[in-house]
Amino acid sequence: MADARARRIALGALVVAAALAPALLHGYALYLAIEVVLYAIAAVALDLLVGYAGLVSLGQAAFFGLGAYAAAIVSAHAGPNLALTLVAGFAVAALFAAITAPLSLRSAGIFFLMITLAFAQLVWATADKWHSVSGGSDGLVVPRLPLSDTLFYLISVTLLLLIIAGLSYLLRTPFGRVLEAARQSETRTRALGLSAFWYKYWAFVLAGGVTGLAGVLHAHHRNFVSLADVDWTNSVVLLVMVLLGGARSLWGGVIGAGVFVLLQAWISSRTDKWEMFVIGAVLIVVVLFTRRGLWSLVNA
Amino acid sequence: MPPQLLEVQGLNSLAFAMLLFLLAAGFSLIYGVGRIANLAHGTFYMVGAYMGYTVATKTGNFWAALAIAALLGGVLGWLVERLLLRRLRGRELDQVLLTVGLAFILADVIRAIWGADIRSSSPPAVLSGLVPVFGVQYPAYQLFVIVVGVVAFAALQLLLRSPLGARVRAVTADPQIADSLGVPAQAVASGTFTAAVALAAFGGAVGGPIIALAPGLDLQMMLLALVVVVVGGLGSVAGAFVGAIIVAAVNGFGSLFYPEFAPFLIFALMVVVLGFRPQGLLGRRG
Amino acid sequence: MSLTRRDFIKAGIAAGGLGLLPQTLPSKAAAKDALKIGVILPSSGVYAELGDQIGKGMRMYFDEVRNTAGGREIVIVNENESSDPSVAVSKATKLIQSDKVDLLAGIVATPSAYAIRDLVTDAQVPLIVANAGGDALTRARKSPYIFRTSFSAWQFANPLGTWVADKFSKQVFMIAADYAYGRESAADFKAAYTAAGGKVIDEVYPPLGSPDFSSYIAKIAAAKPDVLFGFLAGSDGVIFLKQFQQFGLSKSIKLAVIGDMVEENTLAAVGNAAEGAHSSLHWALLLRNPENERFVQDYQIRFGSDASVYSMRGFDTAHVIVDAINKLDGDTSNKKKMIEAFEAVKFASPRGQFEFDPVTHNVVQDVYLREVVLTGTGDHNKVVSDLGRIRDPG
């Protein structure tokens, strides 16, 4: 008993150490580490939806982009303030999720996939036309935060760990149990007197808000926000990250994000022509040879 | 708005709709029969477009180009289904992921072979020039595209009423019951996939003289095809036809009257249909 | 039990990931003294063709000077700009921090230029912009470290506006791609055109990446203008011109467009659909001067195809870099001297006399009025008149 507990503390320490270690890097390596972390946050959110709520969304770019634009606009008016932009990004993204979810959740399966895509495209179309707010195709410059890259990394990775811890905890509570039940069978859940809808709803809103946080961090990291952030290919990339890493564990999102970002950086430093080919090939290999993403290899 | 303008725009929308139909019909059938959302479908279209372009420019024979594009598309589809998709039976999400990977791979291969230059093929001599249509002079090739689309639709509908088609419809309705009735669901799904990809490639070659070939074409067409099947209904060829016309019309007339809002309109349409009639106009629930 | 193993492996992955990171750093085998130039050009997406041609032009010039500038060997590190400005930021960051380049060159898309403006200014790394034409880059958003060898939207649109009003027609229909550069060109054209007494019948702005322009063409046909002003980029231009011809409008309406829309690469794709089109640009394939004739010939021999304005822009960008570094004798340690060296660059380019405006760091150049004519080798751009030496007002 004490033995098991000691072991669990040791692992926890190991995880935290592994997470904090990249803070010792600098320059481009640190830059990439930050990229991994912020995509991991978005991937973990989608992981919650796909793996636990059974909602495969192809519209996460909307939340990511809304968070990013919120960060840019707030920074432009109130100066670059990370706490403020994180709150704003979460709020805007969660609000969009809250408004669109009632309509989206009326569909299931592939229809849900399509309607989330459609809503994301509406955000894209709005960002494209509303020049005065979003900069249109010019994009928006985000003023620099008065933080070193190292500090930014530490804040981001702490946020990631808190999110994973928080969501893991949530999944162990009755909320999480009902969500899982709803994923497996909505009818039976309803037969138990529970509304599958509300559980999925809050999961969707939460995931949207968390993805917004990733968008905020991205905006501060690149110091720029553009239409590419709300492009549907971004949604595809996030889904790829989740499925690559394995949707049945929140850590799958982290692994998927890490593999994807690092792979992309590595290929692009070797050649500027075969990036998507290699990623596509890796995807196909992972799908054909692992049952549930890369995570399942670890979890043998 | 002068009536000629509306007429020309109507014909334009119809021509573009037919291209969308060729793409969306295949996507719809693949989903209906195999429950696979083939996100590489736009890329297959692009493959057909480039192949058609090359054959047409090298041999000067446009008709050969169309035939070869369709044939090679079919071969590609057959290979993909046989070697890759078949191993993921029942794993729908994984199949989608696989098609995404395939789309990535094909896009880079196309760029490696044909380069990034924008290319455009020309209509065959017999179809260039203008013809009078209900009081306006209209390009012959666009009319040809309309005819091709309508003929393809009629052919597909006839096919669906044949014994072969009955199998397709059976598997679309319920694969398990079809299997128990002796209809080989797997074989039907494979055959449908092959035919659908051939159709997409054919559509790409047909569209070549109207739409420019450049990297990114696959994504553009894929997105529009998704809107079409949503509006028209997954699994229904007639739905793809009607949906294509609606989407092309909204896009076309939207650009005419409200150019600033045209992209917004298409996706708003998609949201409305999905929200209130998710199975689309002619699709079925479940 | 499996928890322990799982987490050890997790940590292992993290460590492995860290181990992977240094591998993204390129090997440092290059000579210590080499001049490292980070070239950011799109090799994927909408602008891939432009990136490819600019790259070829640059390579051709560097080869001509035997890859040496200021006594140092020139080493190029290529990165893909893609069509996402934040990717451009990512690549620029890598080039500056990891590859430690002495300067950056390239950038096709205006949003990407805006995105990296602060980055290069803070890092004090000169950026020689080979294409991005947004006005603000050398006006409101100018930077001491950014030099533009290509153009500003105003430089092409303004003189064209005056010319069309004076020489072509006092009535025009306008079509321009609905994005920053398209809108700027249209606005600059309109201002000059109306100032010279012209009247704009109507304006349409199709979204970028439209696969079908028939609705816009129908509108243009219904308005029956004498002249159509246009700017549409890349494949949009190709589709539009073909459909313009298919609908028979190329016979009745004269085209007066921004040169990029009917450049050599587009002409290759549209056949004779653009024949007779007039356009403004800082270069033409058939421009008669000794540098251009040599450039076009050399390019044809080396790459087996006609040069385009993009190849020329790449060629000149490389020339600018080499001249400046030569002037510094290869010493890139003093940033202030570096800026002065670039500002002082002047030479005879295939486009005419090349120099920078020391205030805006934008190129001052001749802009030509060209016409697409059928020659022995196909449709090409020929210079009809010189619109003068054009300096962006800043």
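Just so it is clear, A, B and C label the chains in written order, and each chain counts residues from 1 on its own.
In this text, contacts are C-beta pairs under 8 Å (C-beta built on N, C-alpha and C of every residue); 3 or more make two chains touch, one makes a residue touch a chain.
These numbers were taken from a predicted model, which means no experiment stands behind them.
**Student:** Chains in contact with chain A and with chain B: which ones?
**Tutor:** C
**Student:** From the centre of chain A, which chain's CA centre is farthest?
**Tutor:** It is C whose centre lies farthest from that of chain A.
**Student:** Can you give the whole-Å distance between the Cα centres of chain A and chain B?
**Tutor:** Their C-alpha centroids are separated by 32 Å.
**Student:** Which integer distance in Å separates the CA centroid of chain B from that of chain C?
**Tutor:** Spacing between the chain centres: roughly 35 Å.
**Student:** Specify, in ascending order, the residues of chain A that touch 2 or more different other chains.
**Tutor:** 128, 273, 275-276
**Student:** So which bits of chain B are touching at least two other chains?
**Tutor:** In chain B, 111, 260, 263 touch at least two other chains.
**Student:** Going by the touch rule set out above, which residues of chain C reach two or more other chains?
**Tutor:** 43-44, 207
**Student:** Over in the complex, which chain C residues touch chain B? Could you list them?
**Tutor:** Result: residues 43-46, 48-49, 51-52, 178, 204-207, 209-212, 214-216, 218-219, 221-222, 234-236, 238-239, 242-243, 246-248, 265-266, 268-271 of chain C touch chain B.
**Student:** For the complex, give me every residue of chain B touching chain C.
**Tutor:** Checking each residue of chain B against chain C gives 1-2, 4-5, 8-9, 12-13, 15-16, 111, 115-120, 122, 128, 130, 137-139, 141-142, 209-217, 220-221, 224, 251-253, 255-256, 259-260, 262-263.
**Student:** Which of the residues in chain A come into contact with chain C in the complex?
**Tutor:** Answer in residue numbers: 7-8, 10-11, 14-15, 17-19, 21-22, 25, 27-29, 31-33, 35-36, 128, 136-139, 141, 144, 218, 222-226, 228-229, 231, 251, 255, 258, 262, 265-266, 268-269, 272-273, 275-276, 298-299.
**Student:** Across the complex, what residues on chain A touch chain B?
**Tutor:** 50, 56, 103-104, 106-107, 110-111, 113-115, 117-119, 121-122, 124-126, 128-129, 232-233, 236, 239-240, 243, 247, 273-277, 279-284, 287-288
**Student:** Which residues of chain B touch chain A in the complex?
**Tutor:** My answer: residues 31, 37, 39, 84, 87-88, 93-94, 97-98, 100-105, 107-109, 111-112, 219, 223, 226-227, 230, 234, 260-261, 263-264, 266-268, 270-271, 274-275, 278-279.
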